[in-house]
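Per-chain residue numbering starts at 1, and chain names A, B and C are given in the order in which the chains are listed.
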Amino acid sequence: MNSEIKALLEEIKTYNTDLYRHDLLWTWEKSDDELKCILSMARLLMQMRKENISAKVFDSGLGISLFRDNSTRTRFSFASACNLLGLAVQDLDEKKSQIAHGETVRETANMISFLSEVIGIRDDMYLGAGNKYMREVGAALDDGYKQGVLPQRPAIVNLQCDYDHPTQVMADLAWLKEYFGGLENLRGKKIAMTWAYSPSYGKPLSVPQGVIALMTRFGMHVSLAHPEEYTLIPEIMNVAKNNAEKSGGKFEVVKTMDEAFKDADIVYPKSWAPYAVMGKRTELLKQNDHEGLKELEKKCLANNAKFMDWECTEEKMKLTKNGKGLYMHCLPADITDVSCEHGEVAASVFDRYRVETYKEAGYKPYIIAAMMLTTRFPNVPEMLAAQVEKARKRIKF
Amino acid sequence: MNSEIKALLEEIKTYNTDLYRHDLLWTWEKSDDELKCILSMARLLMQMRKENISAKVFDSGLGISLFRDNSTRTRFSFASACNLLGLAVQDLDEKKSQIAHGETVRETANMISFLSEVIGIRDDMYLGAGNKYMREVGAALDDGYKQGVLPQRPAIVNLQCDYDHPTQVMADLAWLKEYFGGLENLRGKKIAMTWAYSPSYGKPLSVPQGVIALMTRFGMHVSLAHPEEYTLIPEIMNVAKNNAEKSGGKFEVVKTMDEAFKDADIVYPKSWAPYAVMGKRTELLKQNDHEGLKELEKKCLANNAKFMDWECTEEKMKLTKNGKGLYMHCLPADITDVSCEHGEVAASVFDRYRVETYKEAGYKPYIIAAMMLTTRFPNVPEMLAAQVEKARKRIKF
Amino acid sequence: MNSEIKALLEEIKTYNTDLYRHDLLWTWEKSDDELKCILSMARLLMQMRKENISAKVFDSGLGISLFRDNSTRTRFSFASACNLLGLAVQDLDEKKSQIAHGETVRETANMISFLSEVIGIRDDMYLGAGNKYMREVGAALDDGYKQGVLPQRPAIVNLQCDYDHPTQVMADLAWLKEYFGGLENLRGKKIAMTWAYSPSYGKPLSVPQGVIALMTRFGMHVSLAHPEEYTLIPEIMNVAKNNAEKSGGKFEVVKTMDEAFKDADIVYPKSWAPYAVMGKRTELLKQNDHEGLKELEKKCLANNAKFMDWECTEEKMKLTKNGKGLYMHCLPADITDVSCEHGEVAASVFDRYRVETYKEAGYKPYIIAAMMLTTRFPNVPEMLAAQVEKARKRIKF
């Protein structure tokens, strides 16, 4: 057994957690111990795979993926996590995006779950609706399980909602933990979560919200910057503020990219839509006002264009700690002169950190797998210890 | 070993069956013993899963799903059944609905079957074409196997055709068997299979046909009611009549919902299209007469609207045995004030029986799995006994 | 152990191969020993399955299918191969066909590969782009693996590009080897690869190109015939010429179907688009010139129509060796009076050889599986020997 695996197996036993049967919907609903446990389990699963040790705890069972918005990266991460644990993926394809509710949600949730172990949901298009939908599905599953309709209560994993993107930001944190050599080393580090210009419109708020809510947990100094109107959901701003206070970290909102980048150890420049616009969009969608939606998009793109200088350039990177701040992105980034004329980041900056952003993304399948396990089973440290003990080979030769 | 599992293992050995290599297309092609065997195997598979005993008899192999009409419930049931037995699902997506035949069917059937163990087909849109298509696929597979093209003859499971919906109605029967405490207890029970109003058009005839053909098998009293023109395929009416005579049950056609509901132990109110309309629709489709199809739909919806009072209300439920008849539905039901303004059933009635309808649906994955096994293998009781004996855990810890 | 399996296990050890970590993109990049090894491994996998011996070498892992053109046969073959070896298929669905490049390709290649073992790609629509794309993906994976982003380097299998269709033509060769009783028996045999009329437009050049490049490898006499302008990529013509010289075979281009069919042991009549047209089509597509594309299609179909007599009729078959030449096709064939009014082959000819064409196709899943294994692992003969030794049953009873 390699020594990191051994240490991780010991470590995950020490946390005081209550993750079993509580869906993974928002990081701020979880305790520090719980998040630490997930981070270490994800790392353990990654190391087990490297050592060719099977993590297949299911002999059979379905993992359902329900994407109400496009996805390639998260879809593959979810499929990889399911497969790693022994589940077959079955897509629930609703054909057209919709705000379903009531009996339809309750019934569908039960009908797809008779032999299902986990449901991954992305629903990030409608402010005030995405996370609500996930909780409605959860309540339907609770009831179905209680009534004896379902032989098990499938775990729900939030694959991005209107509030949070927990699998992304936990992967981000796992990467930072690796990069800086431990969670403790993040204490006092400055991370700049900044808006950046992109020629597209209506990007969800979940990543910046997820980042400020999570990175304030472990003593980091989170500096949020955006053009005035590109605010986030006020509720989450409070979460970040409170987290920073509790953890001994810091949370500030500044007015310019420069200010946020100043002496930052880490920068995370990324485009998003203004909170107010997202709210208006939901209203228009509910009213099926397609003319209004087009109008809104046009206005927003015009407004975006005023902030083209919010770009992560080489010059801006020089402002970071020793000019060597770590660039992060959830990918795909809008790269100037590569994927578009003007984008979030200069080509040379992205190029220098490409491998790092790929490694950041590489944690996602394992974070999802850890979330599935801990939500679905009460005794995951024992399960993984037994799996390592048995050392069944993933590739047989 | 739990005692129900033990009893079921004993029971399934006692039946005189010839299911191997005969596709599961219509229940009326199967003997009473064969149907009883499938019901008990389904229940056994359900209990095995509850006891965490793996039913995976395939180490690898494909299960092909071919849906020529939309489906969520049956799609998931089929995927669940495949997964339970160890098969990976591969969808055959024909992109657009079509009435294929001849060489195309023969070739495709063989091309997708080199490593396939089972093919589930839904083809219910065209009267006179759906089941015919399944049999054409079956003949192509027979020939491919005989000629040495295929190393095995994949089993075909009818996931709904123009005549029957065997996986649905067998799940219905499995549920009735559980609800009333045994197949023998169904003898003499009255079931009302009645048409009900729905604001939609062109629903297949397969469920009412499947119900009257199957429920007359075991001594039940089946009372069919529908507005005059909403007749079923005459051939199936004869099947139901003959079955009732043989089984000592009863089959009657009455003119009103009230009459059917009177003293019924079970009611199954559900919308369907008139036989004559379905026939005309097939003709128009074959001629690609889209104008004619629109015209037909308009006429039908207008006609439907004359029978809005065919609704399963609280008042109608009072007519049933002691006012406590069991409400059944294949789901999704058109629920008044919930999924539509006027529907098949009142919200309060549906609400009271929601859990029951969910449990009814919960049998479907296991019914499909039992059908797959019995069609594909000659020695299923021995296989399942060995599987229970070995008691490999589905979830490993 | 059956004697053929034993002999094949011995045989595959004797070849001098360097297949590991070299993607399977063109047959002409592989040595004779390498191709022979793949043929025999495919046959071995086929025999193992017949004997109910599991070939599952992966406990988990993803196989990615990326189809940039429609496919049923190859899609199922790829899914079957993945499943046979223990991989779950995950489709990468790009929604719309596109000529992606640069950072997008690099990033996507890495993002989908964290837990992936093999990637099958079909990209045959754009002359000069399809194979190039595969190599770009390969370079991205090489880099990702080198940089520590990916824990393994997934193998790429070409499921049809603009140049070659290696899984098809290797299956063709495996079939010829079986039909004629060994690769050595193909020496001196004449195969007519001829154009044939079809009422469709723009069929890829990859099959005829793959056939002339591969069949010239083992001493066969390849006779290529097509209407004057229906030429192939000049580069491949040279490959075929050189191969024939090296192998002691023969490669000739003749002007008529009759001449090619004369005394042929095998005929492979199939439609394709002229090289020049395919080139022009790529240009027009790049320019998004939809008007021009329609114009081109119209012109081409009109031109095609001049060569309706290029049909594999009974009369033409009489020209073959003793009138008994073997008819081959990659399927689906355009059959006169069956799938179209005038097609590539007369119904009676196709009918006589239907079973043979099905058997030809039946090799494809095993060829793909052999390609996956040899590209992904350095020690496949040992792996398969161990798997046969262990004799884990694929169907457990």
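Going forward, contacts are C-beta pairs under 8 Å (C-beta built on N, C-alpha and C of every residue); 3 or more make two chains touch, one makes a residue touch a chain.
Owing to the predicted nature of the structure, the values given are computational and were not obtained by experimental measurement.
Undergrad: When chain A meets its copy chain C, do both sides use mostly the same residue numbers (more than half shared) or mostly different ones?
TA: Chain A vs chain C: different; shared/all numbers falls short of half.
Undergrad: How many degrees of rotation carry the C-alpha atoms of chain B onto those of chain C, rounded to the nearest 5?
TA: The superposition gives an angle of 120 degrees.
Undergrad: Roughly how far is chain A from chain C, centre to centre by C-alpha average, rounded to an integer in Å?
TA: Computed value for the inter-centroid distance: 41 Å.
Undergrad: Enumerate the residues of chain C that touch no fewer than two other chains.
TA: 56, 88, in rising order.
Undergrad: Across the complex, what residues on chain A touch chain B?
TA: 56-62, 88, 90, 92, 102-104, 107-108, 110-112, 114-116, 144, 147-151, 377, 379, 382-383, 386-387
Undergrad: Where on chain B does chain A make contact in their complex?
TA: 49-50, 54-56, 72-73, 76-77, 79-80, 83-84, 86, 88-89, 331-332, 335, 338-339, 355, 358-359, 361-362, 364-365, 392-397
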